[in-house]
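Two complexes are shown next, each including chain A; its partner changes from chain B in the first to chain C in the second.
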Partner chain A sequence: MLALDLLIQGLVQGAIYALVAVGLTLVYGLLRILHVAHAALFTLGGYLGVLVTNATGSFALALAVAMGVAGVAGIAVYRLAYRPLLGRSPLIALIASIGLFIASEEAFRIIFGAHGLSYVTPPLQAQIEIAPGISLSLARIAVVVLAVVLLSALGWLSLSTRTGVAWRASVSDPPIAQAFGIDIERVRHLNFFVGSALAGAAGVMVALLNNLVEPTMGAVPSYKALAIIVLGGLGNVRGTLVAALALGVVESFGTIYAGHLLDRDAIAFAFLILVLMLRPQGLLARS
Partner chain B sequence: MLAVEGLRSGYGSIVAVDGVSFGVGAGETLVLVGPNGAGKSTTIMTLAGLVAPLGGRITLDGVDVTGADARARVGHGIALVPEGRRVFADLTVSENLLVGAHRLPRSALASGRARVLDLFPRLGERSRQLAGSLSGGEQQMLAIGRAIMSVPRLLLVDELSLGLMPRAVDDCYAALAALQRDGLSIVLVEQSTERALGVADAVVALDSGHVTWTGTGLEARSNPGLLSAHFA
Partner chain C sequence: MHRRAHRALLAATLATMAAAASADSIKIGFNVPLTGFAAADGTSALKGAELAVEQVNARGGVGGKPLELVVYDDQASPKEAAPLAVKMITQDEVVAGISGSYSGSTRAAATIFQENATPYISAYAIHPDITRAGEYVFRTSFMGEVQGRAGAKLIGETLGKKRVVMITLNNDFGQSLAAGFKEKAAAFGIEVIGEYDYGIKDREFGPIVSKVKADAPDAIYASGYFFTAGPLVSQLRAAGITAPVIGQEGYDGQKFIEIAGPAAEGVLITTSLDRDSTDPVARDFMAGFEKKAGYPADMVGASAHTAVLVMASALQSAGHTDKAALRQAIAATQVDAATGHISFNALGEVKKDVQVQVVRDGAWHRHSVISDAALLAPPEK
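Entry: the complex of A and B
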């Protein structure tokens, strides 16, 4: 029973990683930029989730607002920080991204204080017994349901719509996509909106699980998501999903069985190093 | 229908095409020949809008498209079959064709697909396969099909036969002949001139970015020494 419990906890954590990492891998696929500031949108989502829920009492509204605002903020990051740097070395965009991420942490600290915020009345706290002896909070179930719904919607968008096909064509060969009439700029906006909205949703869910948002809450997801997209094969969305879930489960089991040796984050990175030694091209990359 | 006057173009500070002029009539096929580095590809990429011209004028049926970018050019009826095929490898054959028709309404897709599959029945059998898994010849068929999906008036083909098996070259030239019969205007760049001259209505020879010879396909074919003289 412990194993099942750990597996479920791991999948919940993996679902959150997946929501954050997908946006990161989408940006990498399209622009070849390591978008470290992505985690700032995760934090923004978390703060908006708490603020809007506390102000209106509606968690659903808070989730929608957080996703929408994070999405628009993602477009703003692209236009203000990345677009002016596109013709240059990706390292310059990476430095800009790191700077933006640090600045965002300080901005959250200045505006909302260093000690963070909590839900006045945390929603979705009821425990539900999903199997004999295993009960799960509604919040954890909501994390998994939300991740499945959002990532399925993303899959539908990219595989079954003309917009999605144009999006993937732009990732594959931007100039040729343009030569067939695809508006690359619109594709980039869509990419940042969708990826950032997913990160915002993840921020809301983490805020719900921890009942806390704080200025530095993006730091750990930021470097873990970088590790995950490398594991998944940079730019590969399916690989990223598999890597996110795998990392969640490995962490979950590792904390129990190897927790006396390494802490949770160290286990995650030991796993990353091990996988990259065996499969440097990533988990699902074509040979 | 296409008029190129005094075209100057290149990459960065390198001028690869300098003062090139030629015209293509409606339904005509013009073949650009010349040695490596003559400026053939730069010319065709500039016509497609993927390289910005440094000077000169490009008009299509009297409409000046010199300043139009690649995205606008396809709206004027120009479609490109690029060197090295450049099919979208991670997309299926069917999705590649869909991208070709990106500008067109959904209602135009079925007729476009029917036209492409009529030219290349093999693409129909492969429609759900990833383009990256196709053979070189099939990829070239797909690149031509993708261009045809945009319902162009002018087809730009950069190196039709480069790196293909002889059978595939035959298939691609057969398709080109069918498109000529449909009245499409074509600009074709080829390294292997003999095959290309066979389908040419007009021939322009380039060297070091300049036009060195202009004539009809018939003149070029009946005078094999003529062209080789320009390749020395």
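Entry: the complex of A and C
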């Protein structure tokens, strides 16, 4: 029973990792940039979720606002930080990204205070017994449902629409895609909007599980999401999803059975190293 | 030409005025994390220290001279704190220093203050090695081990709970608390049936909560800060675990209650600020802090306030700012401060009672006081 409980907790955590990491892998696939500042949009989503819920009482509205604003902010990051650097080494964009992320943490602190914010009345706190002896809060169930819905929608968008075809073409071969008349700039905007909106949604859900948003809440996703996209095979969306769930479950069991030796991050990176030793190309990427 | 000369004259005048102002004040260095992950505690510490300086200066300062805090942001990082300590001592020429920061940075700065024979007080950093830097270094808060022992007495004797799960933050704070707790657990009849570690960045405790639920303990001894303990306690209660949760001064503050909400009710902590104190110094501090900061007083603010008051009283009794005399005066401290009556042992560790506070109706209140001098005795060397 404990094993099942730990598996479920791991999948909840994995669902959050998946929402954050997909945006990162999309950006990497399209631009070959390691988008560390992605985690700033996760934090932005968390803050908006708490602020809008506290102001209006509507969690659904807060989620929508957080996703929309994070999406637009993602486009802004692309246009202001990355586009001017596209012709240069990806290392320069990476450094810009790290700088932007650090600046964002201090900006959140200056604007909203160092102590962070909490929901005045946290929504979705009711407990539901999903199996004998295992109860989950509605918030945890909502995390999984939201991840499934949003990622399925992303799958449908990329596989079954013309926009999605253009998107995938731009990822696999930008010059040819351009030659076929695909507006690559539009694809990039869409890419940043969708990825950042997903990160914003993840921020809202994390804020709900912890009832706390802090200036530094993006610190863990900023590097763990990088580990996940490497684990999944850089730029591979399906691999990223598998890696996110696998990492969530490994961390869940590891926290209990190896927690004295290794902390959560160490468990995650030990898992990463182990996988890369066996499959240097990542979990699902073709070698 | 004329204008430039005018401006130079003005600059010179201003420089002289600035020098005169600083010559007339007694400078105390204060390193504190104002940015980065520890900025929340740093902000409270600074408010507490500033309040103490304002109160001392409103009463005429020390020997007619006002106190002046020389504040630097150390980001709770040793590599920031070490050069800042050098700067405070050599350039700012402070007579003494106070740490409003965490253990890593405080240890780094303590070594430098000791090397320069300049008194240094750690307001709330808990690592045992801080005072071992030497005779110029003091601490006005409890060492982790001491508070851990108090936690064992609280759970095993006061509450009478015997089967205990420990949830330990895996940094120096959590580990020294755990060490003190385990040292005395058996003496109070406590059996530790499970111990789980977590990192300071963790806010998501799903797996630990599942395991604790399976363990079904009588009580949970969980170390952490308000930003880890708030999510932890709310997740424990959300999973239907009703065993009492016992924390420490890291929980201490209104923000913990805000995060954990109704789940915070009944949580007990060992700390150094008694909200229901009738002592005028403590009452004065709590009222002044809330007015200045805009939120209720916390342990960190109270500890920084205490450290400044101890320094001010030592400066007063030393009568001058000779550093060796000041050190002597600090070592002989007998002061009633916001966190209780302060005196030091030979190592420079504070001797005082442990306050047990409980959350009732959304606020911290007095539960009991642990004043077992033998149990709470800090190491002498």
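Here is the rule we use: the second predicted complex is superposed on the first by the 287 of 287 C-alpha atoms of A that agree within 3 Å, B and C clash if a C-alpha of one lies under 4 Å from a C-alpha of the other, contacts with A are read in each partner's own complex, and residues count from 1 in each chain.
Please note the rule applied: a residue touches a chain if its C-beta (ideal position, glycine included) is under 8 Å from a C-beta of that chain, and two chains touch if they have at least 3 such contacts.
The model shown is predicted, which means the values in this text are computed figures rather than measured ones.
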Regarding the shared-chain residue A:127, is it in contact with chain B (first), chain C (second), both, or neither?
second
Regarding the shared-chain residue A:210, is it in contact with chain B (first), chain C (second), both, or neither?
second
Using the touch criterion from the header, give the chain among chain B and chain C with more contacted residues in chain A.
C
Applying the touch criterion given at the start, work out whether A:56 contacts chain B, chain C, both or neither, answering first, second, both or neither.
neither
Which of chain B and chain C A:2 touches, first, second, both or neither:
second
Give one of first, second, both or neither to describe whether A:137 is in contact with chain B, with chain C, with both, or with none.
second
I'd like to know which partner A:281 touches here: chain B for first, chain C for second, both or neither.
neither
Which chain B residues qualify as touching chain A in the complex?
48-50, 69-71, 73-75, 79-80, 82, 86, 88-91, 95-96, 98-100, 102-103, 106, 146, 150
Chain A touches which residues of chain C in the complex?
35-37, 39-40, 42-43, 170, 195-199, 201-204, 206-211, 213-214, 227, 230-231, 234-235, 238-240, 255, 258-261, 295
Show which residues of chain A lie in contact with chain B when the two form their complex.
162, 165-166, 168-169, 171-173, 175-183
Which residues, counting only chain A, touch chain C once they are in their complex?
1-2, 5-6, 9-10, 12-13, 106, 109, 113-116, 118, 122, 125, 127, 135, 137, 140, 206, 209-212, 214-217, 219-220, 251-253, 255-256, 259-260, 263-265
